[in-house]
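When the chains are written out, they are named A, B, C and D in that same order, and each has its own residue count from 1.
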Amino acid sequence: MIIVMKTGATEAQIQGVIAEIHKAGLREHLSRGAELTLIGAIGDEDKLDAAHLEILPGVARVNRITKPYKIVSRDTHPAGSVIRVRGIPIGGEQIQVIGGPCSVETPEQMALSAQAVAAAGCRMMRGGAFKPRTSPYAFQGLGVQGLEYLQQSARQHNLPIVTELMDVRMLDTFMEYDVDVIQIGARNMQNFDLLKEVGRVNKPVILKRGLSATVSEWLMSAEYIAAGGNHNIIFCERGIRTFETAYRNVLDVTAIPVLKRETHLPVIVDPSHAGGKAWMVPALAQAAVAAGADGLLIEMHPNPCEAWCDADQALTPEELNALMKTLGAIATAVGRSL
Amino acid sequence: MIIVMKTGATEAQIQGVIAEIHKAGLREHLSRGAELTLIGAIGDEDKLDAAHLEILPGVARVNRITKPYKIVSRDTHPAGSVIRVRGIPIGGEQIQVIGGPCSVETPEQMALSAQAVAAAGCRMMRGGAFKPRTSPYAFQGLGVQGLEYLQQSARQHNLPIVTELMDVRMLDTFMEYDVDVIQIGARNMQNFDLLKEVGRVNKPVILKRGLSATVSEWLMSAEYIAAGGNHNIIFCERGIRTFETAYRNVLDVTAIPVLKRETHLPVIVDPSHAGGKAWMVPALAQAAVAAGADGLLIEMHPNPCEAWCDADQALTPEELNALMKTLGAIATAVGRSL
Amino acid sequence: MIIVMKTGATEAQIQGVIAEIHKAGLREHLSRGAELTLIGAIGDEDKLDAAHLEILPGVARVNRITKPYKIVSRDTHPAGSVIRVRGIPIGGEQIQVIGGPCSVETPEQMALSAQAVAAAGCRMMRGGAFKPRTSPYAFQGLGVQGLEYLQQSARQHNLPIVTELMDVRMLDTFMEYDVDVIQIGARNMQNFDLLKEVGRVNKPVILKRGLSATVSEWLMSAEYIAAGGNHNIIFCERGIRTFETAYRNVLDVTAIPVLKRETHLPVIVDPSHAGGKAWMVPALAQAAVAAGADGLLIEMHPNPCEAWCDADQALTPEELNALMKTLGAIATAVGRSL
Amino acid sequence: MIIVMKTGATEAQIQGVIAEIHKAGLREHLSRGAELTLIGAIGDEDKLDAAHLEILPGVARVNRITKPYKIVSRDTHPAGSVIRVRGIPIGGEQIQVIGGPCSVETPEQMALSAQAVAAAGCRMMRGGAFKPRTSPYAFQGLGVQGLEYLQQSARQHNLPIVTELMDVRMLDTFMEYDVDVIQIGARNMQNFDLLKEVGRVNKPVILKRGLSATVSEWLMSAEYIAAGGNHNIIFCERGIRTFETAYRNVLDVTAIPVLKRETHLPVIVDPSHAGGKAWMVPALAQAAVAAGADGLLIEMHPNPCEAWCDADQALTPEELNALMKTLGAIATAVGRSL
C-alpha cells in the first residue's frame, strides 16, 4: 500500500501513519521528497484497511498495490484451468454450448428440448426449476419437480445438467438430485451466505455477473466460493445494466479478454438474457466466441410461442442448429473448436 | 393491456391475439382504424404475459396499463401509512433519525454509541452484527454476539434497534433477540427467498434499494414482502451506481418524491453509504429531508478513527449533534418536525 | 399516437384531447371501453407533441406509434445502403478496416503509418489533425498542417482519408484539402449546428456514438445530417460509458444488430477507443466483425512508445498484420470478406 | 506522478523510466524497497503523459498526484468566488433563482413571464432562443428574434438575462444583444471550440454538466474557459443519465458539496430539466438549496399547457411563488438568504 501524504504534512502525522502500519504487523518504507512524501507499507496488504489510513491526519490518498483476490487470480495459477463436468472440459480448446429452455415446464417439453439440444451438438443442458422473478405474482418455477424432469430428460441423452440455486436451504436437494453444475444467478452474485455454502461442496459453479457488478467485485465473489475450498468456478457474462433501453442489457464483450487475463478460470457468456430477444442471440453468441469465450449458455425452446417465461428470447431448435454451424466456423477462425 | 398490431396485420393474426386473451380469461376490446389496429385486453392484466403476446405473429408492441405492484401501491391506499416501532412513528409528520455505528464492535463502543445517539435526539439505533463485505477476507461482523451487544446498549436508552439480516437461516435468531426493525441490504433487494421469509413475520422491514435497481423493481421487491402478509415496509434510498467515480454512489433524491407518489409506505434515506465520506453526510442528509424523506439512517461512531469498517463515513457524536440542529430547522421549513 | 385516458376521465376531458388532435391537423380514433378509453391520433404524428398531450387534464399516458427518424430508417429503404468512398464500398459484402495513428505528428510518422496500413491490407487511412482533448493543456493536434501530412502520406498508397471535424468553421478547409470522409466525434454527436453543416456537403460522414447516447438519439443525430440532404452516413460504435472502471468504455456489440435492423446505413466499430488498451483491440475487433459490423476503425502507430497521444491503445504494424488475418477468417465464417 | 514498477522490474527498465522523466524536464525521486520500487516524478506533472509512461517496459501503474485543473481549483483560490451579474451576486450568502420559460415564443408570453418572474422575487430571467432538440423536425427556437423578445421583456423589470449559446458563429450576436450570462448546454460541455471562444469574452458563463460527464471532466471543461481568460464561470448541475427510466435524469446532489470543495466557483442547479416533470421541481429545488447550491434555474411558463416545448416541466407563476417561500425558509435553515 502506498500512502501519499498531503503537502505540508507534519512529522507527527507521518509518524502517526507509520505507527498504524506497525500496529498491523507491516513495515514502512518512507520516501521523503522536497514536495512529495510517500510511505510504502511492506507486507501483507490485507491486514491494513485503506479506509482507515485515509482518515488519519495528514494523509492525502492511499493506493493498494496488490489485488484483493488471490485464489482466483491468474497470478497464482498462470495456466488456464480446465473444469471437467462428467468428462466434458470447460476452459480448454473446445468451446461448450449449454442449451435448453429458460424454465422446466412439462416432461414432454423437456424431452423435446433434450433431444433438440443433443441433436444440435451441444454437450450440456440447462433448465430452470427455481426462477428468480421480479414479480411475486409471476411463475416461480416448478421447484423440486422441475429438477426431476430436467434430470430425467437430460439423462436420456447423457447431457450433464446446469440449473440455478437461489436458496441456501435447497443445496442438499441439489446434491440429492445430482445437479452437475450449480448456477448462481446475477441477483445472487453478492448473496455472500449462498456463495459460502456452494464453496463447501464439490460441484462446479457457474457464477453469473451481477446486474451492475464491476469485474473486480465479480472476482471477489468468486473468491468467496474459492475461499471455502471449491475452485471449480466458471464466470458467466450476461450483460450489464446501462442507460440504453433499446435492449434489456448490454453484453459486455470486453469483460471476456479482461477476465481471461485476471483469472485462470473459464469464462462463458449468456447471449439470451443479455439481449432479451431471440433475433439478437446469433450476433451476440458469435461475438462472444470471437472475443475468446470458453462457452455459451443459450436458451432454446421446442415451441417458443408456448414458453411459460422469457418466451421472446428462446431460439427454436432450427435456429440453434444453424447458429451452431456458424459458431463452429468462428471457433476455427480463432484457433479453437466447437 | 394494449396490443398494437403491425401495419398490415391480417385478420387471422388479429384473431390469434384475441384467442390468447380469451385463453387467459380476459375480454378483448378491438379498435380497428384505417392505419392503426389496437386490441385492448380487459380484465386482470396479471393473467396475461406481455412477452408472450409480443412474439405472436402480427404484433408490433404491447403496453401494460396497470401497475404490476398492488399492495404497496398508493392507488390501493391513498393515505400515507405510518409504521410504528415500539410507539415511534415512521411516515408521519415527525422525521426519524436512526443513528449508530456501521458495525457492532465491543460492549464499550456500543455503550458510548447508544449514549451519543440518544443525546443527539435520535429515537432509534442502528448497528451491524452481520456485515455484507465485498471481500471474504474482510471483517464479517460479530454475528449473534453483535446482536446481544446492540440490544444491551440500546435498551439502556430505550432505543428500538435496526440491524441487517443477510441469511434466511438467521431469522429465528433475530426474532429471539427481539430485533425491532429488520434491514434488508442493497445486495439482497432481489434475494427473493429472503423477501418471502421476512414477509411471513410481524416485524417492520427496512428495504434498501439495490445498487442499480429501478424504482419499479424496488416496489416489486416490497410487493414480495407485502404479498406474504407483512405490510410494515420502509423504503431506504442509499445511492445508486453510476459512471461517476468521485464518490461511492449517487444519492437519488428524485426517488423520494416519486416513491411518495407511487406508494403509501414511508421512505427514508441513508446518506452515509451514499456518499461514502463523513464530510458529505450533512449536505446529503439535509437534501433528503428537504426533498420529503420520512427519516434518515446515519452512521455515527464514538471514535471514527478506530472503527472496524467504513471508518471514513461515520460522523462523530459532535458532528451528529450539529447536524440534528440543522435538520430540525429544515424539517420546520418543509412543514414537519424532527 | 395513442392517448390513454385516466380511469374516470370526463367527457369534457376526452373532448379536450380530441380538440388538440384536430388543432394539429390530425384525426382521432376514439375507443371507449368500460374500463379503458383510448384515443388514437391518425395522421402525421410529428405534428403532435407527446409532452403537450401528457399534461392535458384526464390524460394518463401517451405512446408514439411511429419512429421519429425517417430518412435513415430501414422502413423507408429496406435494402442496405452501400456508401462508396473513392470506389471503396462500405456497407456491402466486403468489410473495411480503416487504420492509422490517433494523431498526425510528423511527415515521417505518417509515411511509415501509410505504408504499414497499406501493407496490412487496409483500404483506408485515419489520422487526427484536430484532437478533442479533455484538458486544455494537452496536445490539441497539428491542425491544418496535420491535414496536409495526412493527405500527402495517404496519397502515396492511394488510401482515402478519414479525419475528425470539430469546428464548423473548419468545414471549408476540410473541403479544400479534399478529406474523403468527415468524422464527427462522440463529444459532438449532439452538436446540432455541426450536424446541420455536414448535412449540406456531399461527403461521407462517420458519426460516432455519443459517450452515453441511446441508439434512438444516435439515429436522430444521423437524421439531422440526412435532413440537410447528405445521406452518406456511417454509424460508428466506440463504446459507451458505464459504471465499470476496469476499461475505458464498454463496447456495445448489441448495438450492431440493432442498428442494422433499424437503419439501412452501414455500421462500423472503433475497438481502439472502446477498450483503451492495445491488448484488448484484437478481441474487440473480432467480436465486432462476428456480430455483423461493416468495418473497423483501428489505431496503429509505427512506434506506439513514441506516440503523442493515446499511446497505449495503438497496435504496432505487426499486431495489425496478425489481426487482419484472423479478421479475414471470421469474415468468411459469417459469409463476408475482408 | 508516482510510477509503480512491476515486481522484478530490471535496473534497465527503472533507468528507462527515469530517462523519460528527465526528457520532460522533471526530476526523479527513486524509492527502492525489497518488494516495491516506486519512482516519483518531481516538477510540473502536466509535462508528463501518464499513458506514455504506462506502456514503458517494467511499469505496473502510474498515479497522478496533482489535479489536472488549475485556475478553477480551490487550491489556487481558497476563498469562494462571487460572480456579479449587473450587480447581482452569485456565489455569496444570497441564493439566486433564475426563472423563465424553456423557450421564447411570443412578446406577450415573454411579457407575462418577466412580470411573474419579478413578482415571485427572482432577480434574473432565463429563456431559450436557440434550442438544442434531439429531433431535426422539432421546434428549434426563434433564433435572433428570440434574443430580442427576451431582452425587451426582461428590461421592463430590470432582470439580467441568461440564454443558451450553441453555435460559435452566434457569439458576436450574443454580445450585440448584450446577453448578460451565456449558458453552455449539457450537449456542448465538451464542444471544446465553443468553450475556447466563450473563454475569450468578458461575460459570465453558466456551464451545464454533460449528460454523463464526471465531475472531473466538468472541471476540465471549465478550465478550458478559464484558460482563455474568462474566470466568470458558474457550474450548473442538471441531472445525469443513469439506468433509471422513471424520471428523465437523476439530479446529482452529491455533486454540490463535492464541487464546492474542489472549486472556488459558484454552483447552481436546474431542477426542471433534471426531473422532467413540474411536480418534481419543488422537492428537487428544495434539496438543492439544502445541499448548498448557490442558485437555481427554474422553468416557469405563464401557461404551461400552451408552451411550445418541454411543457410538462414548467411551473405556473403560482407554483413558483409558493416554492420561493419554502426555499426562503430552507435558505435560512442553512444560514443563507434568498
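Following the convention adopted for this analysis, a residue touches a chain if its C-beta (ideal position, glycine included) is under 8 Å from a C-beta of that chain, and two chains touch if they have at least 3 such contacts.
Keep in mind it's a predicted model, so treat the numbers as computed, not measured.
The greater number of contacting C-beta pairs, out of the two interfaces C-D and A-C, is seen for A-C.
Averaging Cα coordinates per chain places chain C and chain D 27 Å apart. If each chain is reduced to the centroid of its CA atoms, chain A and chain D end up 39 Å from each other. Chain A and chain C have Cα centroids lying 31 Å from one another. Contact of a single residue of chain B with at least two other chains is seen at positions 212, 241-243, 245. A complete topology is adopted by the chain contact network, contact being made between every pair of chains.
Those residues of chain C lying in contact with chain A across their complex are 212, 214-216, 239-240, 242-247, 250-258, 261, 274-275, 279-280, 283-284, 286-292, 326, 329-330, 332-334.
Listed in rising order, the residues of chain B touching chain C in the complex are 2, 4, 29, 31, 33-36, 38, 40, 42, 63, 65, 212, 241-243, 245. Interface residues of chain B facing chain A in the complex, by the touch rule stated above, are 46, 49, 51-52, 54-56, 68, 132-137, 166-169, 187-188, 190-193, 196, 210-212, 217, 220, 223-224, 227, 241, 278, 304-305, 307, 309-312.
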